[in-house]
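Next, two complexes with chain A in common: one pairs it with chain B, the other with chain C.
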Partner chain A sequence: MLHERELKVFVEGTTNFFEVAAQQPASIGSPYLVEEPLALHEYSGLIEVTGKREGVVCFTAPKTMLAVLLMKMHETDFGHETMRDLVGEVANTISGNARRDFGNDFRISPPRVLFGETPPIEPRPGARTFVIPIHWRSHSAKLVVALG
Partner chain B sequence: MNAATDAILKLLIVDDSNLIRRRVERSQRFDRLRLVGSAGDGVEAMAAFSRTDPDVVTMDLTMPQMDGIECIRRMVALKPSVRILVISALADKATAIEAMASGANGFLNKPFTERQLNDALAELLR
Partner chain C sequence: MSSAAPVDRRPVLLIAIGAMLAAALGMALGSGFRLATRLREDIAAVQAASALQAYPDELVREVSGLRERLEVRAYTGRALTTLRDSTRAFSDRLQALAAIDHDPATLAPVRRRWHVYRETLAPVLAFHGEPYVDSDTAATRLSSDGHRLYANLERARLLALANTHRFGGELAAVTQGLQSSASTAAARLRLLLLAGVLAALVLAAIAAWLLLSRARHERAAQEARERTRDILRTVREGFFLLDAEHRIGSVWSDALTRMFGREDFAGLGFRELLAGLVPAPTIATALKYVDLLWGDRANENLMKTINPLSQVEARSVDPQSHEPRYLQFDFHRVTGLHGVKYVLCSVVDVTSNVALARELQESQNGANAQLDMLIGMTRTDPLQLASFLDTADAGLQLVNAILKEPARSDAEFRRKLGGLMRELHTLKGEASALELGGVAERLHALESRVSGCESRATLTGDDFLPIVAKLDELVAYLRGIREIAARLELTGDPAPASPGDSIAPILQAAAARLAAEHRKALRIECAGFDAIPPAFAKALKDCLVQLVRNAAVHGIEDPELRRTRSKSDVGLVSARFARTPDGYELTVEDDGAGIAPDTVKAAAVRSGLITEAEAAAMDTRAAIALIFRAGFSTMSDVSLGAGRGVGMDVVARTIRALGGRIGVATAPGKYTRFRIHLPPGGAAATAVA
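Presenting the complex of A and B:
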């Protein structure tokens, strides 16, 4: 089961991503536990975690936020494929960075991207599902961490 | 002028993210590098490596089909002089050590700034 103190790793990873990649820090809200299915934004990058911990890490964000994030990253292509690429890259980066604390037995898959009206994330048996709210400029996104 | 250090080097970019591939392409160090190919997974990377014979490779680690560590081993076996910069989100020490032991010459963690990327490439080309 994921402990509240371990969430700090993902909060710091999220903060670091926006500070470095977008050169503009995000404000991270208080993480909360969810027990109901969780609706996703327009684009989501999902990483399957196996090994020492089992579960998923998912970054989900609206298109408007991703467009601004791409601009801040000096990207000139704002098409659908680039948006897909970006959510996958954010999820991959935050999950990969977590190995600094969890070690190399925290194995992560290549990102799987969800787009449009996707089914909500269901709480996973044997895992606690936490949502880390992300506020950046005038936009909001979420990092969902469900690890057993 | 030193012909050896001023030579244009052939670059292969390996990453399953187009965004990262384009960021590397935009690098300011490109005056010494000529892009000869890019690949989005390990199998594509090995095919591109055989086809283009690059001098420098930037390599992701978490990729479909064949991971980056395996690619590094195979590339170094084929061309021991190739210079490989790993660009990865995997931030644990064991992975960095394994990558370097497999033949990589540098390791840059994601996320990175333009300056960090340029510094890492400059270090690789020195």
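Presenting the complex of A and C:
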């Protein structure tokens, strides 16, 4: 079972990225639980966690949202690689926050980027996946926390 | 930190020696000055004495020359003037020598002899005029005064001739004495100069040693300061000193900046440091506590036990963070010769320790709850347990579905709260009825999180993070129960022969638990439940649990009060289900206190459901109908039994959803009766169930 404090650390890592990179804070929607495999958006930045908890934490966003985010960051290149880099950076920020706040409790892998048709995120055995909608301007992404 | 080094007395000793040497040097210089002055005087005296030494011969020459001039009748005026000058000069020099000479005994013979000389020469020097008879130039003769002058000159010449050698010797002795005195003074001066130079060298050496020593000490002090600074920069605890006015001193550890989010600690008051981070009453108590530490008789170890800041919840310095943190303040008195000098305060952020302790406590509670749960499960009818687990699963799925509905605005978030409260409250009632305390407590905790959101000025998704975390915990807990039940083979086919049959035991259990909780005596009579159609069973079970709970908590009086009202000690709650020509009727009646309209109105005003003006204008029927309004509660405290104002509105809503209606009749002090009419069909009921 995940604690509220742990969820907050992942959420803050995500919203901080928007605040710093796009100078426009993101808000979170109503979080909920999922017991089935969860499909992802086109671009996802994912970190794998071991130690006190095991599983994955993933930021997944649609291409349209990433394009607007890049524009807001004054990027001129909206290509595939740039979008991959962007979700990778979000995952990196989440990872940094988690390292800072959890210390040695969690061992966190370097971020991995997923694109296109990817296998859904499976809940950990006996656990549920937390889905936290991330709202930014008129767009929505998801922070998926599947830890057991 | 402390250090115990031997006291180095060398600098003090050296300074004392230096002072003595400086004094000696001063005295030597003073003596040298006096010696130099004397030497200068002695040299002048030697010069004078040397000049006088030639005088006896000179006098013989001048007296003889004057005598010869008288014999050849030459002009004597100039020679006589020269003699007078020489005599006066000798007298003056002798007088000056007497004033300089430091040995009067040596000069005394000279002065005596010169006195004789002067007495002899006095008539000669007193002569004025011409010594000749002025007749003609060819045969000039001595006048009578001339003859006397000649005779006096002859006497003086003879005296001078007789004494020249001795007079010269005496003057030479004076000169020699003076030279000897000058030599002695010069020797002493040399010695003094040598001693002065040596003292100056020693003084210079001492000064150099002191300078080096000071530089070494300064270097050591600087290193010590740097080490202290390193410690203060590295240490994870916050350290600072407090003076008697509760002001922070000029030294503190860097951890304070991280803990308090500021850097202006020098001179900052302890009250200002804590302001906004901990509640004002805690600050006031803490200041009184610090004042106590300044007392001479305060026992520090005993004082620790009453430290109000030994573990205090403090607001985060990050305005974005709502995460509470825990700080541990420790105080130590720093004493000196005159009592307490400062109070050393150390602060540690013990948030992770507190979190760990809580996790351990939660783990312990979890283990206890599992034990309770096991005991509860063994007491619960397997069919009821299976039925409840199914109901809870469905209920929590509904809760999750409510959460999953997209929301971005405060209104959208707020809309979720009512649905969440109703669903959780119903489940909680059922869990309590089955004496599944662990489940009921978790549902209560989750319900508290949801109800806590109602009072927030603005709701955001962040407020729902604790709710979803608690929901996850509850789901896991229920899964655990199901697993254990399966292992113990406690659950069977959840569909009994008559669905209504399972309701009566639930109500009996709920009534017994509530009676014990509220120190009341009551019994419950159930009748006709076997006639409850399966389609109504779940919905009516929820309603009955709520109605029995209301009767037990609000209706039945405690035994003492009942006795004063001439009632039996044991209250009676009866629940009867029966077919009617137009459908079904469920009646739940208690012989308790009834419903007082004024109490209902006051509670509704207190809950903000109506205004006082509306209450005043309301008749009895309308007042009693308020109990079916969402958010109504007459209880000021929230407990597992009642108090959130979620209950009768759920009952009314459920009955309406079944296509039925509910009515209430009451007589204050006598009874309350709920009568529920249900339609004969079961279509609507299926939708609800």
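One rule holds for everything that comes next: the second predicted complex is superposed on the first by the 142 of 148 C-alpha atoms of A that agree within 3 Å, B and C clash if a C-alpha of one lies under 4 Å from a C-alpha of the other, contacts with A are read in each partner's own complex, and residues count from 1 in each chain.
We take it that a residue touches a chain if its C-beta (ideal position, glycine included) is under 8 Å from a C-beta of that chain, and two chains touch if they have at least 3 such contacts.
Keep in mind that this is a model prediction, so the values were computed, not measured.
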Quiz item: Counting only touches as set out at the top, which of chain B and chain C does A:H135 meet: first, second, both, neither?
Solution: second
Practice problem: Go through the superposed model and pick first if A:V20 touches only chain B, second if only chain C, both, or neither. | Solution: first
Quiz item: Which partner does A:I108 reach: the first (chain B), the second (chain C), both, or neither?
Solution: first
Exercise. May I ask you to decide whether A:R99 touches chain B, chain C, both, or neither, giving the answer as first, second, both or neither?
Key: first
Practice problem: For A:H74, decide between first (touching chain B), second (touching chain C), both and neither. | Solution: first
Quiz prompt | Partner contacting more residues of chain A (chain B vs chain C) | solution = B
Quiz item: Between chain B (first) and chain C (second), which does A:K8 come into contact with in this model arrangement: first, second, both, or neither?
Solution: second
Quiz item: After superposition on the shared chain, which partner residues are touched by A:T82: those of chain B (first), chain C (second), both, or neither?
Solution: first
Quiz prompt | chain A to chain C touching residues, read off their complex | solution = 1-5, 7-8, 11-12, 27-33, 126-128, 130, 132-133, 135
Self-check item: Footprint of chain B on chain A - complex, ascending
Solution: 16-17, 20-21, 23, 73-75, 77, 81-82, 85-86, 88-89, 92-100, 102-104, 106, 108-110
Practice problem: Flag every residue of chain B that touches chain A in the complex, lowest number first. | Solution: 16-20, 22-23, 26, 62-64, 88-92, 94-95, 109-114
Self-check item: chain C residues within the chain A interface of the complex
Solution: 320, 323, 355, 400, 403-408, 413, 416, 460-462, 464-466, 468-469, 471-473, 475-476, 479
